[in-house]
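One chain, chain A, appears in both complexes that follow, with chain B as partner in the first and chain C in the second.
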Partner chain A sequence: MGQNISITKPLINSIDELFGFIDMNENKNLSFHHHLRNGDGVINYVLQHYITKGITGLNLYPSSIFPAYTSILTLLKNQQINNITTNYCNGSVATYISENGLPGTFTMQTHGGRARSIQEGLSKIDIAFIAAPYVNIYGDAIGYDGKNCFGSMGYAVVDSEYAKITVLVTDTIVDEPISNPEILGKNVDYILKVDSIGDNSGIVSGTTEITKNPIGVKIAKNTSRLLHELGLIKNGFSFQSGAGGVSLRVTKDVKEIMKEQHIKASFFSGGITKYHVDMLEEGLVDELFDVQCFDLEAAHSLKRNKNHHAISASTYANPTNPAQVIKDLDVVILGATEIDLNFNVNVTTDSHQTIIGGSGGHSDTASEAKVSVIVSPLIKGRLCVIKERVTTITTLGKNVDCLVTERGIAINPLRQDLIEKLKDSKLKICTIEELLEKAYHYTNKPKNMIKREQIIGEIEDRTHDIIDYLYQK
Partner chain B sequence: MSRSYLFIPGNTPNMIQNLDVFESDAVIIDFEDSVMSYDKDAARILIKNFLQKFHEQVGNIYIRINDVENSNFESDVNDTKDLHIAGYVLPKASVEAVNTLYKICNGLDIIPIIESPLALLESQKIAASKGVVGLLFGAEDFTKEMGIERTLEAKELLYPRSHIAVVCKAYNIEAIDTPYTAKDDETGLEQDAIAAKQLGFTAKALIHPNQVDAINRIFAPSPEEILQAKRIIKKSEESQKGAFSLDGKMIDLPIIEKAKKVLEKAQKYGL
Partner chain C sequence: MKVTAGSLESSDCFITISKSDTLVIDIESVVFEQFGDDILKVISDTLNSHKITKLHVLCQDKGALDYTVKSRLETAIKRMGENHE
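Up next, the complex of A and B:
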């Protein structure tokens, strides 16, 4: 029998010391993960060094960009960045790029597409800086322990495997072995010790509470009824719902149906919250496949529950990975900033063309799930969510099956099987055109304000196809 | 005949826009307590414009106007009586107040709110007044005037509730129970609504759209009630008698009439 030999990794005590080993000018493709979301302290810590040194021609590959990542804005204003490839972008960096673009290319991928792109060598990472809350001296790391635990490290795994240089940045180093590490020591080159990797309370950014808004409640009720009538809530079904308030309300309503009818699900996947954990602990679902934790309750569950699995982005949604979890997904509930008459969905820009988000796993899960359901108020403020053509295509309409609103449900005509199942339904089933007319009755038809002159970025689907462009606002 | 009467403040465009979404059988647009005095004219303008354009979308709409002593009373009525509404909910009701409203409201329905001890004692006369189609119990003001605390158990409401329910039944008008104010307490809401139904209330007012489902369910006939009503009507038609036996129990005209009402309700609510 062979014997695993663990080798201690070089322990670095400052960023200055690190760049005594790494040539900053030779390694300008930098990646980061976003698991700490708005509580991340590592991106700004590392990039401040690049600001100070005035390094130019940088190419960034953060899995997402949150408002707290202000160092990126400084680098942009200093003209130090050429290209950015990411899955989600929100805050001042997003606004700056919407108004100014980049010297090079701004590429928005999906979570699965990012993993695929790195694996296939299309995204070449020189240095992966990985915030890691619990690391041992051999370079093994997990995300669900340590003073700044944040749960799954799913987005960082592929970076650690394929980057030329992998640097774990941590505030907790132990001597003991770690069982089932998410990041393997064999893929790690350096361990950089810092006082703090951030504030893990920042992972709860955005809506992670069940909505009580009556419109949201109505949409959720319509959704759970729809899933029930389609026969999708049955023993062994699989489900993904994310952390939006309406999605979580759908989860709650589905849970009630499951309890009433003694139904047990096989797995929930994607971003995991305390509500999903509760259902695991109540025996309503066999397993959780967790690529990112949306609250600390989920992070703590990963440590204590053997049926709560941390998975990599590749295992989650890489279309070329045979073990891809979402290929077995029955139902996914997703949001929309806009949806158009061809069921294309936009979660990337607002209607004024400012970048406000990105696909994340939106296109991945819509592509793979047997039924993808978009939940949204038909009228948001004074505007209809349905457009004749979305401002930006994030997810192709051919992968979107249902739109559920407070005033009715539209089924994509490509899914005649679903339409047939619902022909005797008491739910308000209508065409998406009819829903648009209902909304226009209240809002009237808005003027088209979209400018499509200067391209500032591209939307790359998980297939590597460019499915739309971002335009300067 | 409605199961649920949902209060919506008259100065909230985002709620008014969704009147038809919440699935309440009836909606009460409020010009009274939920609208501050400086905003009452704005509420009237909003509702007038909304109902002029969107009246076909919404069904059974009532407006809770300000009471007859309030300076807004006449404007509330005059600005809305030609709109497509079912009628008015009248706070601080008395016989005189109902008569005053009746004279100027173009024959629209009136639902007086019984919210004082005096109104409770007068409730028979109020129920018998022209235009009155139902009584709404207002427990918050009633308990305030009684100087007693309103509790979630609502034992202190047993007498006024029973009285109002009996009066409404006697005059064949709708008995509408007071809202349950703990809006996030689903269990308490259900218990409160069931208790009201047991006393003879035919409907309940609500203060939050998330309460509609429970109220509609509780004040609708249950599947068992519908099945039994169908059996009674079938046997009645087959036997051609005024009284007959079913499952060992005597069925006579009042029970047959009650069964007809159950089926009428079931049909109305698509059950």
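Up next, the complex of A and C:
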């Protein structure tokens, strides 16, 4: 072999066989990544074994929890889990925790904060189970090849580097070397071969389409005009928009402005979609820094476009990493379930205190980007997005700069520089209090039913500060 | 006989009315905690303005504004031919 430093890794053919090598009772801190999102088959496959064996006192560190991860619900009901640390939680597990809490602590982190905690040894992972679509016998892995390719493996990289034991779980093993692997064989202890790691069509969520809803279209138009008036759409600018329908519509409107005025961006970061790939291939942006693919077109692009880079969560958003990509970010477009008069944003719980999501990279990018813009309808199903106080703080108001709705735009008073730039604007700029009053004119003032008695979890910012608590509903 | 108006789309409500010996108002709402009293008031006021004192009203609400609830209810009443104005 040319690469004589590579050594082949133990190839394991069943989970039973794996636990012949690993003591289940000595290694109870387990991590998983969520790149396969709702199509993941690995987490349930592995945890089913813990259900069968009745192992208790488990501590889970999945980067996110999706509705398909039902094995976690079973473990919770069996009282086998002590603590869970994650960045996003949705579905039956989220509902269960909202109502019951955990025996230990439920900690919600950010994508950058999770990477930082693992690197600093605050999150001690015993076994990282890493769903890997394309693996060679030396334990190198990439996410953008193989029958279940899902794109970037960004969230799993730090797990592979710092876990006591790293297990790649794969359905595709090759003999050839892999150039620029995302997971390095030197960090891998075992390769577990399974029939299928899941269904990669499950990485697409229902919202990854450009909205046609007239309210969404209006919000996007207001946003692209705002960015334009602030002088942010200029040669070499950088931009992140995620995969929400309104955010993607903003991307489309920004694209039109760029084409009209012959502007080229330097990079787009974050979750990447086919719309971002199109702009790369049309030469409208130099590079894509991709921590997670939101559709298969993005996953396939990683293979063919050399300027589409898969990056780790630490390179993406770890505040202690000097190479952190988002510190150079000019503009981020983000959503909100709620925003309050201090510009604190909630994307963690709904207004009935049920956990429905979490930060992901929300707080990371809002903290680092030069301008952070929240896009949301002012009124959603009779509830105004603006509250006097959000149900749960996901992102601190000091890091949130603009709120764009269909009925007006509010700028955080901390950003007098932006307010000054907009003083002659024809856009409907108002205070957030004025927007709230406008909404109450239509909806009436809601009764506040939030219960803050029993703490069931904590919101840990990327700084490690606990910025809010979750309460039993 | 049951008569309906509206839909179960977000920000709309689905009103079902049927004949009854008494006045019964049932409300199922995604924002009941926040706006249950407001919804009851707009239904009661609308029935009063049509001088209706005996009816079963079921309002399945997905976050409709007051004027939506009012117009859905009035449509149902007119469809039933119970307009006593």
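By definition in this document, the second predicted complex is superposed on the first by the 468 of 473 C-alpha atoms of A that agree within 3 Å, B and C clash if a C-alpha of one lies under 4 Å from a C-alpha of the other, contacts with A are read in each partner's own complex, and residues count from 1 in each chain.
To be clear about the criterion, a contact is a pair of C-beta atoms (placed from the backbone, for glycine too) under 8 Å apart; a residue touches a chain by one contact, two chains touch by 3 or more.
Only a predicted model underlies this, so the values are computations on that prediction, with no experimental measurement involved.
Judged by the touch definition given at the top, the superposed model places A:P214 against chain B, while chain C stays out of reach.
In the overlay built on the shared chain, the residue A:L383 is in contact with chain C alone; chain B does not reach it. Once chain A of one complex is fitted onto chain A of the other, the partner contacts of A:Y442 extend to both chain B and chain C.
In the superposed model, A:K306 lies in contact with neither chain B nor chain C. By the touch criterion defined above, A:S351 reaches chain C but does not reach chain B.
Residues 379, 442 of chain A lie at the contact with chain B in one complex and at the contact with chain C in the other. Residues 212, 214-215, 217-218, 221, 379, 406-407, 426, 441-442 of chain A are the ones that touch chain B when the two sit in their complex.
Listing the residues of chain A that touch chain C in their complex gives 351-352, 379-383, 442-444, 446-449. In the complex of the two chains, the chain B residues touching chain A come out as 17-18, 21-23, 54, 184, 208-210, 213, 270. The residues of chain C lying in touch with chain A in their complex are 10-11, 30-31, 33-35, 37-38, 62-66.
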